[in-house]
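Each of the next two complexes has chain A plus one more chain, namely chain B in the first and chain C in the second.
Let's look at the complex of A and B:
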């Protein structure tokens, strides 16, 4: 099987007015905010997310972008401000990293419950202490049960594109849920690559203005949002939230179709399949892990080893159907978590736990081997990936790999 | 019967400790009879709010298995006894979620006993209570409502008097011997034991027929399902246009919620002397519940569906003997005072003079220096 070209090397003729810029993932997100004509942005510095606020303020001072830019006194206020701005009709953007995201947690929880279609960027960062700022995915994953849509991107291009997609999905009346875009700290937030920046016209043809209609908090539309309720009401509200997340799945498919048509790129909505057609075993991961994994997959393919890779792009809603389909014929799946879930079943990471759960109802599910790698921003090398793939091959062949345990890769003994 | 439960309906803040003492007293006394039990407040209540109707419960049982059927619940719905700590609550209570007025005997089992502290007669009280549709008993412990101050418990023996009365009307829950033993152990006070025994002897129970009582239909509605509720936690505001009141041309009656009334929080209500009113607007401006309707001739008429009896209007009124707070027990309806006055000014004047003889129990906190000392001195118990 011939490997496809890498995304950055592709020469697809984009829509007119598109420019090519050498920018980081954070700057790509800032461009998306400009192109989405976001009304209110709040900021509070924490590495690596703070690079976004630097680029946004630069754009504002250069006269390229007009929005309310509020530097709050904490992450909690940062998220509270945009939450309220959103209900009065402003398109909003916010973001944070690591423990900063956690400091906003109370606001994050109610943002989803309130059905506020906020788009946030999480510059993935380890949770201190000690004062670590390399990438781990536990920060964004912490809101996985609360009604936030979550996705992970692997290139600056995908960051820009996904931010535009996120606004369209989040603000869709069938959904009305917040969406967080995760960008791996350093590898995406602090590395500049060539990115196609679309024209305002193309974006305008894709993204309609934010309109809350009859749910806009305004003196002419007297409503109360989120009154105090008791046990007679909350369960119905949670069920509505559940339905919104279920509907999001269909809306995401619809929006990717339109994005592909208008921008000439975008790919499959929920997952990226890399050399999966005849794969006997597959690796799964999220974010920039994709780079070393694809390198390793190509190396192993050269040796005739039928390995493929599935990159999970949307974690919420979780791509259950897509994963069942992608793994229908593979014998073993190696899940690489750049996160941890201490004390969980098999001591796995979060992704492995979800993947196992998604594959369980399959008639003959593949074996699932879980790995933890790249914590605290540690590089995951192609050799690390080959080590994991070999273990998955071994499991597929009925070897003595312990499926009921999790294997830490690249950790010093 | 091996499991029994008691509901205590009280007024927030002023009777919170009283209700707690009663429910704890029941469980501790039943323990002496070899039973086990639980005492708890209704979780959703806001008993720190002035005068708000709130509830506490005591459930006792012979064994853990039966008690377990009553655990992890917000309220027992078939109580042997409902104790009412203010007779004004006999008119009904709005539950904490404000689903409209509900009968005071709603959670009382058929054949159970409603125990009320009151100085009114049984016949008068029965008229105010909603018809149950099944026979039950009304027992009166002769006493005005016992209201504590905000910070200090008023230890006027109402707690032990009710415990003594309970042993009389519901011996299946707790015996007098055990009750006396428990009170002696809890309070280490012979006077309290004596009060309990005295109440046991004095309490009188009257049978109430299925069809006796107030025939007003309690408010009810169906809770909507998730497919019917508006998404995004949005509640529509009411149309702000003034209400049309038949027979009133002019004036202003604001739109008010059909269900969010709060008047069962009231223990006293303002009566207004329209002959002395100067139309200064202060009551209307200061009312925290916007309860004053503006009449066609420019008076301010306190709407009894909206008034929670706080007494602010009386406090801000600059005219002597214009707004007077009167004990809620003196009233049987929510009718407009202004309409009564407009129809028959002389008759209204007589009505007014009669009403203001019913001094309020002043449950709503501080009124004047020395008030607490006076209340203790006046207390007939």
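Let's look at the complex of A and C:
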């Protein structure tokens, strides 16, 4: 492994104290933790997310970052420790990958149930068994029903920016929900690109300190947290979590506006639209898949094929309105899942099920074709993307593509 | 220390100085575990909560792992806790204490919170502490930079969920997962886990580990006070007679606690700064001043042992005899020199 110190190839001073550094997605997240002045971080090793903790621990030992850094004895403890630190008022960060995230599942459930505004990073990784280090999205997606806000980023820059945005949204009193940032294992966690690292002043002007106010557990505020409520109150509390997630949508829009103004980047909050203006068919996906898809879209555009791409950035809350808008005039949508949902309605992945559901109420919804590709970190090539786009074109033209089935791409039969 | 660890020592936050109370009349009247709970009549774990809250005082935070002392204690709108209390997951007592202590410490260091010593106490039952939460407690006892106490209330079964056998249940005890039947009389063939000594010997940097029994309430409170004063992570293990799980009339709770100690089944000791001290009647058992009562007196008082034959009682007695006669450190460390 490359020691974190050697990873910085060059540092270029940018405007207003911003520097440009050649760093990986994991190091970008570590910088976000430092800039957010996170108070408690817990680590436990599992590839690929754990690189972020290697950078964090080095920053601490070098004196560049002051926080309690606790190496837990399991992922369950990792997430429980920060949950409790957050309740006494500390800003916290945590993370995991694959089965590690699943080992923490109980803690993940209560963190959302308690509306602890933790920010976590998921270095997406295939679940065991059989073992694979590569990316699949089933780890993070498993918490999609629990009250975690979930997003997928596609570059190291977006990872850093989204981590700062995540703290602001999660800690907003109108929301108070945990947020997980998904970074595709290896493709993002371990790949270096030039990243603009903002100055502390800029971050401070954007991200206020975490304030739990009347919900802080402290002898001056002797409250009882998480008692037994049973059927008397549980439903009302579930409804409060539902309302918080509904409000998150507006807060996210508001926070991106401010981020764009202060940092000069950030883009549209929920989705990225790539060559969608006159698109007849569109592909949809999440994470680093965007890179081969953009290449393929440009290639097809050169051949006069009107194809576009929508990258879903926030999966929870789900961008229903944005997707209905983006696909208002397209004839077919090809959803590329880097995950699976065995036995689901059309044996598709999770994203396809969600997209179908979101588009169903449209007056004339596009046809939805679902694909599963790139499991276990297998490369999705531009040719794979073209194959999928062609199938979507075929569906749009009324061809014999079976919409009620899911197509596995790049798989040996 | 070879390396001056800035984080661990320069911002060391002192503990509260909680001197021992010399006798019941010196114990203050204020209660911090009050009305509102719905534990069973004769519940010694509830008694322990009351003693613990009194011993810790108002500048304390209590974390309660899932178990009787969660479910029966904190019905929404009727919490008995006058001090801050929060639920934590069944296996999370160690993690809850660590996270709370770490959060307080860093907030004080960074000037985000007024600097003052706050007691952090995590309580767990034998299921949560000696079974599921053992690894998290072990980890908590290694993080010597945090001041915290883990208090294990041991009623020797998963009593909250209908009395199921745990790793801390006595050999042969009847439980809903170890009921004597027509073919098998003894379903629980595990011997009770030696939790406190295991944690003390496995974590030499931990400055205080003790066993207590609610039958000796002042001693129990003073153990809690010492654990909170001494600094770093500490562990106290209490044996709590449970009328529902042990199947006896609630009026005998106190008596059964005494019998557990007097028969030698529950040794009282503390390991302070690496020094072992036997306490109360257990000390007198070791010195020979007190002759252990036969375990039969203890077993025969409880319905959970009603199916025991004379042979079973003899076996139980022989295991207890071994504890005091063959162990390297009687009642504590179960090795014999080879």
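Throughout what follows, the second predicted complex is superposed on the first by the 398 of 413 C-alpha atoms of A that agree within 3 Å, B and C clash if a C-alpha of one lies under 4 Å from a C-alpha of the other, contacts with A are read in each partner's own complex, and residues count from 1 in each chain.
As a convention for this text, contacts are C-beta pairs under 8 Å (C-beta built on N, C-alpha and C of every residue); 3 or more make two chains touch, one makes a residue touch a chain.
A quick note: this is a predicted structure, and the numbers were derived from the prediction, not measured.
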item: Touched partner set for A:176, first chain B, second chain C, both or neither; value: first
item: Partner chain in contact with A:225 - chain B first, chain C second, else both or neither; value: both
item: When both partners are placed on the shared chain, which of chain B and chain C touches more of chain A; value: C
item: Touching partner for A:89 - first (chain B), second (chain C), both, neither; value: second
item: Which superposed partner A:402 touches (first chain B, second chain C, both, neither); value: neither
item: Touching partner for A:236 - first (chain B), second (chain C), both, neither; value: first
item: Contacts of A:244 with chain B and chain C, given as first, second, both or neither; value: first
item: Which superposed partner A:81 touches (first chain B, second chain C, both, neither); value: second
item: Which of chain B and chain C A:39 touches, first, second, both or neither; value: second
item: Touching both chain C and chain B, counted on chain A across the two superposed complexes; value: 222-227, 230, 232-233
item: Sites on chain C touched by chain A in the complex; value: 7, 58-61, 63, 70-71, 74-76, 79, 81-89, 91-92, 94-100, 102-107, 109-110, 112-113, 118, 135-136, 138-139, 143
item: Complex interface listing, chain A residues touching chain B; value: 113-115, 176, 215, 222-227, 230-233, 235-237, 239-240, 243-244
item: Chain C-facing residues of chain A, complex; value: 37, 39-40, 42, 66-68, 70, 72-74, 76-77, 80-90, 92, 106-107, 110, 209, 217-219, 221-230, 232-233
item: Residues of chain B touching chain A in the complex; value: 44, 74, 96-97, 223-226, 229, 231-238, 240
